[in-house]
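You will see chain A twice below: alongside chain B first, and alongside chain C after that.
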Partner chain A sequence: MSMVQFLFYLMSFIALASALFVAATKNLVRSIFMFFITLLALAGLYVLAMADFVAITQVVIYVGGILVLILFAFMLSGKENLNYISEQQNKFISIGKLPAILLAVLFLIVLVNVAINIHPDSLPWIQKSVAYKNYIQPDAAMTENIGVNLMTRYLLPFEAISILLMIALVGAAHLSRKEAKP
Partner chain B sequence: MNFYITYFIVAIGLFGFSAIFALFGVYAERKVSAFIQDRLGPTETGKFGSLQTVADILKMLQKELITPAAADKLLFMMAPGIIFIAVYLGFAVLPWGPGLAPSSLNLGLYYIFAVLSIETLGILMAGWGSNNKFSILGAMRSAAQIISYEIPAGFAIISVVMIAQSLNLQVISAQQGIMASEKITFAGFWDVSHVGGIFAWNVFRAPHLLITFVIYFIASLAESNRAPFDIPEAESELVAGFHTEYTGLRFAFVFLAEYSMMFLVSMIAVVLFLGAWNTPLPNIGAVQLATWTTGAVWGILWIAIKTLALVGVQMWIRWTLPRFRVDQLMNFCWKVLTPTAFVCMLISGLWRIFLM
Partner chain C sequence: MISLTDFMVVSAVLFCIGLYMIVSKHNAIQILIVIELMLNAAILNLVAFGRYDRVANSGQMFALFAIVLAAATTAVALAIILNVYKRYKTIDPGKIDNLKD
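And then the complex of A and B:
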C-alpha cells in the first residue's frame, strides 16, 4: 500500500469515527469539539485530492468561524434547553425516525449503485485528460485558476451568492439593532 | 526516507527555538517592564538575573498538575496542547532567508491565517473545561475579540497580497529587495530594482501600506491577547482569564503559546511589510551595501533583528498603555479599524491598476 493510500484510509477512518462519535455522544460540548476533528480530517482528504485551497478554506470557515459560533450559541443557551436534549429518550429505532431512515437507505442505495456502475478509469473525459496530460501537478499553484474562473465562467453564481450574503448581513444588522425610542 | 528525517529535525528545531524564545522573551519582558516602571526587575539568579526564567521553568516542571474536581477532565487536559500546536503549526511556513523556509507552500499566508484561527477553539476548550466562571468569561471574551480582530487583520493582509500578487511567503519576501524578478518602484515612481534596501520594502513600495501595517500590528496585538487588548485575562476582574485553573506544565504550555504567538505575528508583519529577510541597506553607486548584505546567513540575521524589534515594541506598548474596556475594544475594531482597512484594500486595487 502506498503512502497516499495509507493516508487516505487513515483520514477517512478518523473522519468517519469522529463523525459517529459526534452523532452518538450525549455530551454536547465534546461532540462539538469532536466535530473539529472531523473537519480537520476532511481538510486532510482535500489536501490528498490536491485541493489545498479548499482544504485551507474549510479550516478558516468551519473551524475558525462556524464551529466557534456553534460553541457560542451553545454556551449562551439556557440550561433547561440543554438538559431537555440530554434527557431525551434514545431508542435506536422508533417511528419518529422512519423518514430519516428511509432517506438514508435510499441515499445509500444510490451511492452504492454509482460506486458499482461508474468504472472511473473508463470514463471518456478522464481518458481524454490522461491522454493530453491535462491534470494537476502536486506543486501547481491553483489560486489564480480559482480566481480567474470565479470572475469569468462562474461570475453569475458568484454574484448571486454575494447578494445572498449581503441580504443576510443586512438582516442581522437589522435584528440586532436597538429599538428606536418612541 | 531521508527527507522525512530532515522534516523531523526541522520540526524539533522550531520547537526548541520557540521554547528558548519564550524563555528569554519572559526575561526580556521583565527587564523591559522594570525599566519602564523604574525598577530593577530580576537581579538575583545569575548575572543580571538572566537565569531567572530558567529557574522558573524548572520550578514549573516539578509542580503538581492539579485538575479541578468538577472539570471536564479530557477537555481540560487537551486544551493547552491545542492552543500551543495551533501557534506552532504556523511556524512551518515562515521564511528565514533566501531559499530557507521549512515549507515553501504556495498558500503559505492563507495557511497561517487558517491555523491561527484554531487557537480560538483551544481557548474556548480551556475555558469550558475548567468549569470556572472566570475561565469561561475569559474564554468568551478572548474568542469574541480574536474573531472580531481577524477581520481588519485579514483585510490588511489582503491589501498586501493585492500588491504582491502571491500568497507564497517566500515570493512576497523576494519581491522586497534586490532579488526581485520584476520591476519594483519606491512609492510608484522611482525604480529601485537594483538599489534595494529599505526603499524596496512593501511599506515604501506603496505608502498606504504604512497605515495597513499599523492596522495589522494593532490587530495582531489583539489576536495574541496582549495589553492593551488583554481583557481575556484582565487580572483585576477575572483572576487570570481562561488559564485561571492551570498549573505546572500545562500553564507553561499556555505561556509558551502566548510568546510563540507574539513572535509569529511579528514575523508575519515583518515578512508582509518590512522587507522580510532583505537588508535595510541600499546600494549607493559603487558601494554595493545591499548586494554585500544579502544571503542566507544575513537573511536570518535581518529577519531576526526586525522581528525582535517588533516584539520589543509589543512589550513597550504593553507596559505603557492601560487596558481597553470591552465596549471600547469592539467600537475600535468595528468602527475604526475595519473601515480603514477597507479603504486601504481599495487603494491597493487602484495602486495595482494605475501605478504598477
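And then the complex of A and C:
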C-alpha cells in the first residue's frame, strides 16, 4: 500500500469517525468542535484529490468563517438553550429513530451500489481524459489556471454568486436587526 | 492513484450520516451543521471528478462556488434561528408550529 493510499484511508477514517461522533454526542458544543475535525480531514481529502486551492478555501471559509459564526450564534442564544439540550434524552439508537435509521441505511445501500456499479474509473470521458493526459499531475500548480478560468470561462456564475452574496448579506443584516418600537 | 470509487463511497457514507441526523435531531443548530456536512460530501465528489479536467477546472470551480454559497446560507440561517429563538424560546423545529398572527 503506497503512502498516498495510506493517507487517504487515514483521512477518510478520521472524517467518518468524527462525523459519527457529531451524530452520536449529546453535547452541542462538543459536536461543533468535532465538526472542525471533520472539515479539516475533508480538506486533507481534497488535497489528495489534487485540489489544493479548494482545500485552502475550505480551511479559510469553513473552519475560519462558518464554524466561528455557528459558535457565535450558539453562545448568543443563551443558557436556556444549553439546559434544553442537556435535558433532552438522546440515545443514539432508540425506537423513535427507526425511520431515520431506515432511511439513511437504505439511501446508503443505493448510493454505494451506484458508486460500485458505474465503475467511475472506466467512464468514457475519464478514459479520454487519461488518454490525452488531461488529468492533474501531482506536481502541477493549478491556482493560476483557476484564477484565469474564474475570470474568463466562469465569469457569469462568478458575478451571479457575488450578487447573491450581497443579497444574503443584506438579508442577514435585516433579519438580525432589532425590531423598532411600535 | 486513488480510485474514484473510494471517493464516492466515502462521500456516500458522509451523506448518509448527515441524512440520519437531519431526520432525527431536534435542534436547529445541529441540523444546520449537518447540512454543511452533506454539502461537503457533495463537494468531495465534485473535487474528485474535477481531477480529470485540467484545462477547464470545472469540478474545482463549482466546488468553490458551493463553498461560497454554503457560507451565505449559513449566515442567513443563523439569523433566522436567532429570531426564532427570540420569539419561541426554543429552537426545536418540531415545536415551532404557529405563524405570526
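Just so we're on the same page, the second predicted complex is superposed on the first by the 152 of 182 C-alpha atoms of A that agree within 3 Å, B and C clash if a C-alpha of one lies under 4 Å from a C-alpha of the other, contacts with A are read in each partner's own complex, and residues count from 1 in each chain.
The rule is simple: contacts are C-beta pairs under 8 Å (C-beta built on N, C-alpha and C of every residue); 3 or more make two chains touch, one makes a residue touch a chain.
No experiment lies behind these values; they were computed from the predicted model shown.
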| item | value |
| --- | --- |
| Three-chain arrangement built on chain A, chain B and chain C clash or fit | fit |
| Which of chain B and chain C A:R30 touches, first, second, both or neither | first |
| First (chain B), second (chain C), both or neither touched by A:L156 | neither |
| A:A131 touches, of chain B and chain C: first, second, both or neither? | neither |
| Partner chain in contact with A:M1 - chain B first, chain C second, else both or neither | neither |
| Partner chain(s) touched by A:A141 [first = chain B, second = chain C, both, neither] | first |
| Chain B or chain C, by number of chain A residues touched | C |
| Chain B versus chain C as contact partner of A:I95, first or second or both or neither | neither |
| First, second, both or neither for A:I56, with chain B first and chain C second | first |
| Chain B versus chain C - smallest C-alpha distance in the overlay, whole Å | 15 |
| Residues of chain A contacting chain B in one complex and chain C in the other | 53, 57, 65 |
| Chain A residues touching chain C - in the complex, by the definition given at the top | 4-5, 8, 12, 15-16, 19-20, 22-23, 28, 31-32, 35, 38-39, 42, 45-46, 48-51, 53-54, 57-58, 61-62, 65-66, 69-70, 73-74, 76-78, 80-81, 84-85, 88, 97, 99-101, 103-105, 107-108, 111-112, 114-116, 119-121, 125-126, 129-130, 134-136, 140, 142, 145-146, 149-150, 153-154, 157-158, 161, 164-165, 168-169, 171-172, 175-176 |
| In the complex with chain A, residue positions of chain C that touch it | 1-10, 12-21, 23-24, 26-27, 29-30, 32-34, 36-37, 40, 43-44, 47-57, 59-61, 63-65, 67-76, 78-83, 85, 89-92 |
| Parts of chain A lying in touch with chain B, wherever the complex brings them together | 29-30, 33, 36, 52-53, 56-57, 59-60, 63-65, 67-68, 71-72, 75, 139, 141, 143 |
| Residue ranges of chain B touching chain A (in the complex, touch as defined) | 72, 74-75, 105-107, 110-111, 113-115, 117-118, 120-121, 124-125, 128, 136, 140, 143, 147, 150, 167-168 |
